[in-house]
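Note that the chains are named A, B, C, D and E in the order they appear, and that numbering of residues resets to 1 at the start of each chain.
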Amino acid sequence: MKVTRAVRKILDNYESDNPGTKANLARMLMHGKLGGTGKMVILPVDQGFEHGPARSFAPNPAGYDPHYHFQLAVDAGLNAFATPLGMMEAGADSFAGQIPLILKVNSANSLDASGSNKDQAITGTVQDALRLGASAIGFTIYPGSDVAYDMMEEIREMAEEAKAVGLAVVMWSYPRGGNLSKDGETAMDVCAYAAHMAALLGAHIIKVKLPSDYLEQSEAKKVYEAEGIDTSTQAKRVEHVMQSSFNGRRIVVFSGGAKKAENSVFDDAIAIRDGGGNGSIIGRNTFQRPREEALEMLDRIIRIYKGQE
Amino acid sequence: MKVTRAVRKILDNYESDNPGTKANLARMLMHGKLGGTGKMVILPVDQGFEHGPARSFAPNPAGYDPHYHFQLAVDAGLNAFATPLGMMEAGADSFAGQIPLILKVNSANSLDASGSNKDQAITGTVQDALRLGASAIGFTIYPGSDVAYDMMEEIREMAEEAKAVGLAVVMWSYPRGGNLSKDGETAMDVCAYAAHMAALLGAHIIKVKLPSDYLEQSEAKKVYEAEGIDTSTQAKRVEHVMQSSFNGRRIVVFSGGAKKAENSVFDDAIAIRDGGGNGSIIGRNTFQRPREEALEMLDRIIRIYKGQE
Amino acid sequence: MKVTRAVRKILDNYESDNPGTKANLARMLMHGKLGGTGKMVILPVDQGFEHGPARSFAPNPAGYDPHYHFQLAVDAGLNAFATPLGMMEAGADSFAGQIPLILKVNSANSLDASGSNKDQAITGTVQDALRLGASAIGFTIYPGSDVAYDMMEEIREMAEEAKAVGLAVVMWSYPRGGNLSKDGETAMDVCAYAAHMAALLGAHIIKVKLPSDYLEQSEAKKVYEAEGIDTSTQAKRVEHVMQSSFNGRRIVVFSGGAKKAENSVFDDAIAIRDGGGNGSIIGRNTFQRPREEALEMLDRIIRIYKGQE
Amino acid sequence: MKVTRAVRKILDNYESDNPGTKANLARMLMHGKLGGTGKMVILPVDQGFEHGPARSFAPNPAGYDPHYHFQLAVDAGLNAFATPLGMMEAGADSFAGQIPLILKVNSANSLDASGSNKDQAITGTVQDALRLGASAIGFTIYPGSDVAYDMMEEIREMAEEAKAVGLAVVMWSYPRGGNLSKDGETAMDVCAYAAHMAALLGAHIIKVKLPSDYLEQSEAKKVYEAEGIDTSTQAKRVEHVMQSSFNGRRIVVFSGGAKKAENSVFDDAIAIRDGGGNGSIIGRNTFQRPREEALEMLDRIIRIYKGQE
Amino acid sequence: MKVTRAVRKILDNYESDNPGTKANLARMLMHGKLGGTGKMVILPVDQGFEHGPARSFAPNPAGYDPHYHFQLAVDAGLNAFATPLGMMEAGADSFAGQIPLILKVNSANSLDASGSNKDQAITGTVQDALRLGASAIGFTIYPGSDVAYDMMEEIREMAEEAKAVGLAVVMWSYPRGGNLSKDGETAMDVCAYAAHMAALLGAHIIKVKLPSDYLEQSEAKKVYEAEGIDTSTQAKRVEHVMQSSFNGRRIVVFSGGAKKAENSVFDDAIAIRDGGGNGSIIGRNTFQRPREEALEMLDRIIRIYKGQE
C-alpha cells in the first residue's frame, strides 16, 4: 500500500529514526479504516492486569478469551492492538499479519499496596516484541512517583534497544504518586507536562489521559494565567497537549478511561479531533460492551475522526 | 509415544512457543498413568526449604532421602516431580529418563522474618535445569507483596531464557504480603487474579491454591455480585479460575496444602476435575504418609481424574 | 578552518585526551561568532523537562517547536546547542552540520517530590550522542545530595565511554539536596568546590552558576577569611572559580538562571569575561524573548566576550 | 593415590557433578592422615577478619604470619586449609601442592554495626580460587538474616560458576539475624534446618555448629515432640543433622567455636564421629595453642575419627 | 636499574602476583631518593575532593595548578604521586615517565551529609589507570561504616581486575561510620584491625593513620591487656600494625593528617621507621607549605628513613 501524503508528513517528523522504525509507524498509520488519514484508534487490553479478570471481563465474558480481542480489533478496522506478553502469546500466531501489535512491556496491578512510590513490573522485552511480530513496544511511566526516574531509565534503555531494531516506542505517560493530588493526575498543566516529558524521552507515540481544566502546580498556574492559555474546552486542552508535544511533531493518542455513556465517548473523540489530536486508545468502553454494540461504537468513532460526523 | 488429540489440543494453545517447549510440555502431559488425558498430578518436594526438614519428613523419615521422592513419583505414575536444586542434583542421574523434572528455581524459608515484603531467594537457573535434564522451571510469585514487581521481573527474565532453550515455565502464583488479609490470600477474586497475572506473565502451567468463596477486594466484590458470578461450590470456583486463565487456554493445577484427611483430598480432586482444572500438585499429603498408603491415595486421585471414580 | 592559537592553547590543557575528543572540543570552540577566541556562548533547552512546557515556552510560543531553538542557535552564531534526547531527535537531521550539539543525558522534573535525595533520570547515552552527530554529552551532578555519589558514578561511567569514542564531556555541577541551605547552593565556597569536583571527575567543560559572596561551610569560611580570598565582586568570584578549576586548565561556562532584565544579563557577561571565565550558557533569557530581541541580546553578549563592549 | 571404597561411596552421592569437582572432593578426602577414611579435619583461619588480629593471634603470635597456618595444616596432616584471599595469596605459592585449599570468598567483621540484617562482604571469586590453585570455595550464609535471600543468591551464582570449572563448594550455614534468639542460633531445629538448606542450595560440604538440645521454632518443636526425635545427646543431634543433610548424602563438618578445654574438644569429636558426621573444622582451638600442643591435639582428634581412641 | 636485595625481599612476599604487578611495585620502590631502600614517601593530592579547593590550596595558591604537585613529587625525589582522575589527566602527559602514579579511584567530599553510612564515589577505573600510565590504583575503605561491605566488594572487583593487568593495589583503610566513636577511628585495636582487613582483602600497599594508644572494642581490650601488647609508644604501635599486616609481609605506609608543626612530622617519621613501617604518605604538610620549605621537609623525612638522622 502506498503511504499517503498525510502519513508521509507525520513520518517526516521522526527525522532521526531508521527506516525500520518508520516502516512500523507506517504499518500502524496505514492499517484499518483510518489507514492513511494520520488518525488512529488503538485497542488496549491490559485491564486484566491492572484491575483483575472479573472487573475487566465479567461484563462481557467473551473477553476472557484473548482471541476475542484480536478479532475485535481486526473486525473493527482499528490501527493496532496493545496487550501484555501472555495475551499476545496466546493469539499472535492465529492473527499473524492481521493487525499491528503493540507489546505492553510493563504492568501494574491493584493488589499492589504502594503509596507515593507507584511503579510497574517489566513483563516483556524488545526481544519478545520481535519474536511475536509486534510493531512497537508500549511502556508506562508515572511522572511524579518516587520511582519515576527509575521508570524513565528503564524505558530509556528499552527505547534505545527498540529503535535500534526498527520498532516504534509508545509511552503511556500517567502522572501518579509522589505528592500529586488526585485531581492533579489529570490537571491541564500536569497532563501537558507529562506529554512533553514523553516527547523528550524519545517516544514516537504518546498516550495521555484527556486533561481537565484544573491546574495543579502553583508556578505553572501563574504562567497559564499570565499568558492567557485557553483551557476552557476539551478541544482547546487537547490542542495545548499537542503543542506541548513538540508542536504536533509527535503522535498523541488519548485514553478513554472507565466505561461510560456512548455520547460521552463520542464527545471525547470530537474534542480530540478538533484539538488536532491523533486519535483514541479505547479499551473498556469497547470490550465491556457486547460485540455488535462495540463494533458500532468504534465505527462511529472512526467516522468522527474521518470528519464524517 | 504418539501425542493424543487431547494433548495436541492443549499444545495448540501455546501458539507462540517453539517446538522445544511444546515437546517438554508434551513430555509431562504424556507421562505416567494420566499420560495423554490432558490431566496432571505432580509431586512437589520443596517443603524442607519452606518449613524445615523435621516438619516435612519426620512423619515419614524415609523422605529425608531425596531418592525416596523420585521413586515415589515414578512408582505412582505421576506426570512430573518438582524440587529445588540440591535435591534434584542428588537424584537426577539415578533417575534420568524415568520421570519429567521441574526445577523449582526460587525458595522461601520460615526463618525469614519479613512482613509485607515477602520474597524468595533464587536458588536455581535455566542452565541448571538444562544440565540436570529437567523439562521445566518452576517459580513462585507473591502478588500483593511489596516486592511482587521485583519477583515478576525475575521470572520474566528467566522465562524468556527458558522459552528460548525449549523449557516450559511453571508459575506458583501465591498472593501474600502487602496489605492482603490472611483470608484474602485464598479469596476467590484474589486467586482468579493471581492465575490471570501468571497467564499474562507468560506461564505455561499455573499453580494456584484452591480458592475459598471469600471476596477480598471491594471493587472486585461489587462486580462479582453485579454480574452474579457463581462461587458457591469448589467446582464453580475452579471453573472461574480456568476462565481467568485465558478461558482455559493455559494449564492450571491446584495445590493441596497441609496434610489432611483422605476424603478431603479426594473431594478436592473431584472439584478440580468437575471445574475443568488440569490437575493436582500434591506434596505433604503424599510423602508424609507411609509409602503404600501414599501410592494408594495417588492411584485413587488418578482414577478420579480419569473419571473412573 | 585552522585552529587559532587561543584555542590550541586551551586544547593543550586536555593533555590526556585522544584526538577525537580534542577535535570535538575544537569543533565547539571554533564555531560561530566567537569561533577561535576561546570564549563560548551555548544555548541550552532542557527547561521543558525541568519546569514543564508552559513555564518554558508560553512566553514565546514559537519555542514549543524544537526547530525554533536549533535555528536560533544557528542564526545567533553560538558555539553549541544543548538539549535532551527527544528534542535533539526532532531536529538533528534537519540541522545536521549547522551547529555543534551537546546531548543532555540526564534530566530532572518539577513533579519530583524528593527532598535531600535530589536526583536526575538518565535519559540519553553516549551511543545516542554518536548516532545523532553530537560533539559532547552533558550531565548534571548535584553535589551535596544524598545520592550525589551515585550521580558521580553514573557520569564516571558515561565519561569513560564518551572519551573512548572521542566525545567531549560537559558537567553541570549544581550543589543541591543533603543539608545544603538554599543560599548555600550558590555560595562562593560551594560553587568553587562544585567546579573543582567536576574538574576532578574529568569534565572537559564545567558549567556552574554564578556564585554569590555568601560562604556556606564554616571550615571553609575560616580559610577564606584567614587567607583573605577576595570575593567582593562578581568578577573576583568568577576568577576564584577559574582558579578552583585547575587554575584555568578547564573550560568553565556560567549559567544565567531565570529570565531577567537585559542589563543584568550583560553585567553577568562582563563579570565572567573580566574574571577569566570562558563564557555563558544562556537559555530562558534568550528563547523566552521574541526572536529578534533574543538575537540582538546574544549579539551584544558576544561583543562583550570579544571585548568590543 | 587410588581412591578408597569409602571415599568412592561418598563421591557417588554427588551424582550430578562433573569429574573436575569430584576430583577436588577426592583431593580433600584423600589427603592427610585421614585420607581415604571419608573423615575430614579442616583448618580454617578467617578469625582475623571476624574478630581482628589481636584477638586471633596474640595468644600465639606466630600466627600473625600466614605461613604458620599453611605449615600447621601440612604438618598436622589435615585434609584442607581454608582462608580468605589475602592470606591465601601470601602462602599459596610457597605451599603449592602441599595441602588442599578452600578459598573463603566472603567475610564479616566485628566493626560492623548491623542488627537483623547481618551480612558478609564478598572478598574472593571462583577465578581467584583457580589462580591460587584452590580445590574449593567456601561461603557463609546467615539463614534468618534480613538479607539471607541475597546471600543465598550470591552463593547460588558463585556455586554455579564453581561447579562449571570443577571446584567444590563448601557452605558455612550459620543462622543469625532476623528475629532469631541467641540460643536459637545453635538450636537443634534451626541447625538441622540450616544444614538442610545448604544441601538444597547445592553445597558439596556443609559446615554447621554443633547444635544444642534447645528448640527455637514453635511449629518445629511440636513436630520434634510429636515424632519423638531424640535430641538428648550430642551424638544424636549430630545424627539428626546428617539425616537432615539428605540422609547422609552430603558431607557435613562441625565447627568448634571459641578456644576451650582440650577434653571438651575431644568430646565433640567423639560425638561427631558417633553421630555419623564427617569431621571437624577447627581453628582457634589449634592455632591459639603453642604449635606442639596444637599438633598433639590434632593428632588425637584424628585418632578419634580413625576409631583409634 | 637493578632491583636491590631489600626490594627483592619485599617483592618475594607478593608470591601470588604476576610479574606485571611486581614490576609496578618495583617501579615505586626503586624510584626517587629512597629507591632501593624498601622505604617509601608518597605525595597524595585528593584533599581538594575531600575538603574543597580553598581549604586545600589557598595557603599555597600555586597548588591550584595540578602541575605543581607533579613537579613537587618529582623534585622532592618521592616514590609516587597519588591523585584522582581529573588531576592526573591534567598532568599525566607532561610528566609521563617522571614519577610513578597511583590513580585514586574513589573519593568522598565534605558536602556529603551521610552519617553512619559513610561512603565514597568511584571516580576512576583500572582502565583509566592503564591509559594514564599509572602503576597502581588507590581505593579507600571505611571499615565500620554501614556500607563497608559494599566498599569491600567494590575494591575486590577492581583489585581482581588490577592484578590481572599487572597493576598494584593500594588500600586506604580508614575506620569510620557505623557506631565507631571519634577516638575509635584511630584507636590501636581498630587501626591494627583495619590494616589486617586490607591485607586479607588482597592489598599490596596498605595506608592507615598513625594509631593512638586508645583501645575501642571491649573484647579486643581484654586481649591487649591479657597478652600485654605494648602500645605505649608510637614506634611500638607502628610495630603492632606491621605485625597485623601479615607480620610485615605487606607494605604499610602511614598518613600524616592535617598540617602541623615540622617537629611533629619528623617525630612521626622516626616512629614509623623505628616501628618497622615502610614509610609516609604526606600531603597537606607538604603542599600547604611554600615549595622550598616543603622540599626541605621532605628531604629531611627521607634522611630519617635512610637512617641519616
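Brief remarks follow.
We take it that a contact is a pair of C-beta atoms (placed from the backbone, for glycine too) under 8 Å apart; a residue touches a chain by one contact, two chains touch by 3 or more.
Predicted model only: the values in this text are computed from it and were never measured.
Shared contact partners of chain B and chain E are D. If each chain is reduced to the centroid of its CA atoms, chain A and chain E end up 58 Å from each other. Remark: chain C and chain E have CA centroids separated by 36 Å (rounded to whole angstrom).
Shared contact sites, meaning residues of chain A that touch two or more other chains, are absent. Because contacts link each chain to exactly two others and close back on themselves, their graph is best described as a ring. Round the ring, from chain B by way of chain D, the chains line up as B, D, E, C, A.
Here chain E touches chain D in the complex through residues 13-17, 116, 143-144, 146, 148-150, 152-153, 156, 160, 175, 178-180, 189-190, 192-193, 196-197, 199-203, 217, 219-220, 223-224, 227, 229, 240, 243-244, 246-247, 249-250, going by the rule given at the top. Every residue of chain C that touches chain A in the complex is listed here, in rising order: 46, 48-49, 51-55, 58-59, 61, 64-66, 84-94, 107-114, 119-125, 127-128, 131-132.
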